[in-house]
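Structure first, then comments.
Labels run A, B and C following the written order; every chain starts at residue 1.
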Amino acid sequence: MYSLGELAETLGVHLDGDPEVRVTGLSTLALAGPQQLSFLSNSKYLAQLERTHAAAVILRPEQAGQCPVACLLSDNPYLTFARATALFAGEARPPAGVHPSAVVAFDASIHGEAAVGPNAVIESGATLGAGVIVGANVTIGADCHVGAGTRLHPGVVLGRGVRLGEHCTIHSNAVLGADGFGFAPSASGWQKIHQLGGVRIGDRVEVGACTTIDRGALEDTVVEDGAIIDNLVQIAHNCHIGKNTAIAGCTGLAGSTIIGANCTLAGGVGVVGHVEICDNVHITGMTMVTKSITEPGSYSSGTPMSSTRDWKRSAVRFAQLDSIQKRLAELEKRQPK
Amino acid sequence: MYSLGELAETLGVHLDGDPEVRVTGLSTLALAGPQQLSFLSNSKYLAQLERTHAAAVILRPEQAGQCPVACLLSDNPYLTFARATALFAGEARPPAGVHPSAVVAFDASIHGEAAVGPNAVIESGATLGAGVIVGANVTIGADCHVGAGTRLHPGVVLGRGVRLGEHCTIHSNAVLGADGFGFAPSASGWQKIHQLGGVRIGDRVEVGACTTIDRGALEDTVVEDGAIIDNLVQIAHNCHIGKNTAIAGCTGLAGSTIIGANCTLAGGVGVVGHVEICDNVHITGMTMVTKSITEPGSYSSGTPMSSTRDWKRSAVRFAQLDSIQKRLAELEKRQPK
Amino acid sequence: MYSLGELAETLGVHLDGDPEVRVTGLSTLALAGPQQLSFLSNSKYLAQLERTHAAAVILRPEQAGQCPVACLLSDNPYLTFARATALFAGEARPPAGVHPSAVVAFDASIHGEAAVGPNAVIESGATLGAGVIVGANVTIGADCHVGAGTRLHPGVVLGRGVRLGEHCTIHSNAVLGADGFGFAPSASGWQKIHQLGGVRIGDRVEVGACTTIDRGALEDTVVEDGAIIDNLVQIAHNCHIGKNTAIAGCTGLAGSTIIGANCTLAGGVGVVGHVEICDNVHITGMTMVTKSITEPGSYSSGTPMSSTRDWKRSAVRFAQLDSIQKRLAELEKRQPK
């Protein structure tokens, strides 16, 4: 619980209201009660602002006049709101130390301020930095390194030799460091290419639940500082994800894909292997990226949704597009000039 | 093992045949042997009916004349078959009690008739109702509630505070209650929005293996009673899935998607965030839903499969569609009226 | 560490160079140092060959003249390289025996040369062959069979009665044997069809991380010898995957799909249920397979990526395709013959 005065000071914003009022949590403008803080970042919610029962609202100075309650004035209310969520985050920090049910190899090195949860397994030669939190039933393979302040939620698996930077968050059942999908055809079937590279993750990276990041074939698979990756994303061997790039759920990257910095891939995108996407590219949802992208901007593929009846008509014609174009060219040829 | 007479009584249908014949299991019409029960719900299998060696067949009364063996007469053979599968289900119910290798917080509350499997971890303040089954290596976070009769298969992770109703089934390695993918952009990169909402699941909900249902940002992510969700489905923060809605594998819902009751989403569907789908909507496989749907019915997107050679021709023309339309309009303009 | 002479002998290829030179690992032509082996299989890297600092290069005899260092001559350099990776594979083989923290049912049968890792759980009646490796936190359900030489990486879950052949590799958090997604509609909602079939996996099958292979409804779901399956793939109940077929990441197969031998499905493919794909079919990435395929060859669907601005123009016209075709037909009708 915080007073509005404490909040203003912690968030570095100006308070217009009673600093003694106490706030127990955050909520939306529509649902917030008199002990909750809310925010306005999108002006389409102005009508809700005027009716809010929140204790206070984070908003831009020019909107303060329309606010019926106390204001926390910010030039970037969404960012100030994001910072405020950290103050009310519900997840308790487990006490430092290794739970007696965890199995830790004798030659693993665990910082005295790290916390290792029940039934976690830490294999030979792994090192955990200060403030690392390892959830229940996590497995950390041999020779992994987990940087200071990084949290592994329950069920995460790190294969051997995975290197995680500092202050990362890896969500439950994500798998970092499984073998890349590399096989050579032979007369007797597929010959496995043993994956000798590793996985290297920078600082402040977030990896979603059930996301998979494979180890490289010869060199490492790399995710740079500040990248954020959602749930159920597949990152194949030898991909390289640039700094602060965001990848939404159900996206799949084939092997050796290189993605620049500050890109955003919406959900369900697929990228073929061995292509390169430059910095500052946005890819819309479910796009199939089949070639390199060398210019910043927004890219798309797919067809729009319609009723299945209408869609079937268009879909039939799609298969006739080449003949439609030829018929059109034929008509054009016959036109008088 | 059941006699046909017992089966007829238990399933509430009429038997036309010897009630003493004993049945050990279920099989298809083509493969069933003389100790197995089968069913006919689709008339395209009538030819198989005539040659079946099953002990008995569940079918509609009007099809009984073509059945060479005993009949269990039902107006809805598929539903009667579904009920019969419960009688032959192979999975043993583990004995009540907590396995000695499980780690249970001192202040967790576990009903005396719940069963907690080996190496499961149950954190502080969690409550488990009567008849709950917790599989091996499951992790239940702090303050979760699992309703009576719900089963969590091995490897499931519930984040803190997840609330599950009664008689749900959560398949292995599903993750309920990981953080939603919420970040605010800032000059120094992505600022995490701590996800303060929870996950609330109704009664009789089924969640598939490796499916992820994220906790809400401020309010809860909600799945209503009787919804069924397949494997590898992503349900983002603050989604709301209506009663009895079915979602097939590899589907992804972006944040704050609202789906009504009695909808069916086929596999691989993607739904953008902040849209609303009304009740009784069907979405065909791999459709990209980019806007709200306000009328019941079936919706689609995508293009039909063809040989890669033919497809390439159509795909090239797709990118020329606007110019094709313009050329067509030009020709039309030149036509004599 | 191997000498070049040992490598030539082990790989069955001819060495052109000093057999005493010692090699510590593998790398790419561009990055290999004087103690590393490299390979050339694609002639587009010939320029790198001429500048390589590798100890030796695996290449075709006709390319030896351009190689500045020792050569290992092979008619199939990629396959020879694949075999070489096995010699340098980093993953240690754990010692045989059951880790004291593992929980093994009294009536499970574990070969003396199998290795069961920390906190693994092996349920009643399961049998593990010689050389089986069970990683940390794995769960093996009742009555499973794991063939000799098969490795289950940490976090894998096998449901009851799953049968795995010999020398398979199952990557972390994959789930084999969860219930198929089978429900019958009823007036009171979905009636679960208990899934009574099993999962049967052949020899030398690889299954990726977080991939799900569901048990069959009445008969088994089957994956034949030598098939390779990438991460985050969904294989529904009663699918049948043929010998040596390869399925890339994020692909989903609906129920009862039958795929022949030697097929390759690229990433993100979706296949509707109850279709059959013959042998030797290739499906390109993100294709929606909506019908059976009876001729070998390559198949595709989807639309090409472009800038979002250009794509929006094409997408609008896609929905008008039927009317475009009708307008074209009208113009054609008016043409003088």
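Everything that follows uses one rule, which is that a residue touches a chain if its C-beta (ideal position, glycine included) is under 8 Å from a C-beta of that chain, and two chains touch if they have at least 3 such contacts.
As the structure is a prediction and not an experimental result, all values here were calculated from the model.
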item	value
Where subunit B and subunit C overlap in contact partners, by chain label	A
Shared interface numbering between subunit C and subunit A [over half = same, under half = different]	different
For subunit A paired with subunit C, centre-to-centre distance based on mean C-alpha positions, whole Å	25
Subunit B: positions in contact with at least two other chains	101, 119, 137, 155, 173, 210, 232, 250, 302-304, 306, 316, 318, 320-321, 324, 328, 331
Contact set on subunit A toward subunit C in their complex	101, 103, 119, 121, 123-124, 137, 139, 141-142, 155, 157, 159-161, 173, 175, 178-179, 181-186, 189-196, 210-212, 214, 217-219, 232, 234, 236, 250, 252, 254, 270, 272, 282, 284, 287-291, 297-304, 306, 310, 313-314, 316-318, 320-321, 324, 327-328, 331, 334
Residue ranges of subunit C touching subunit A (in the complex, touch as defined)	25-28, 31, 76, 78-79, 81-83, 85-86, 88-92, 99, 101, 117-119, 135-137, 153-155, 169, 171-173, 204, 206, 208-210, 225-226, 228, 230-232, 243-244, 246, 248-250, 266-268, 285-286, 302-309, 311-312, 315-316, 318-322, 324-325, 328, 331-332, 335
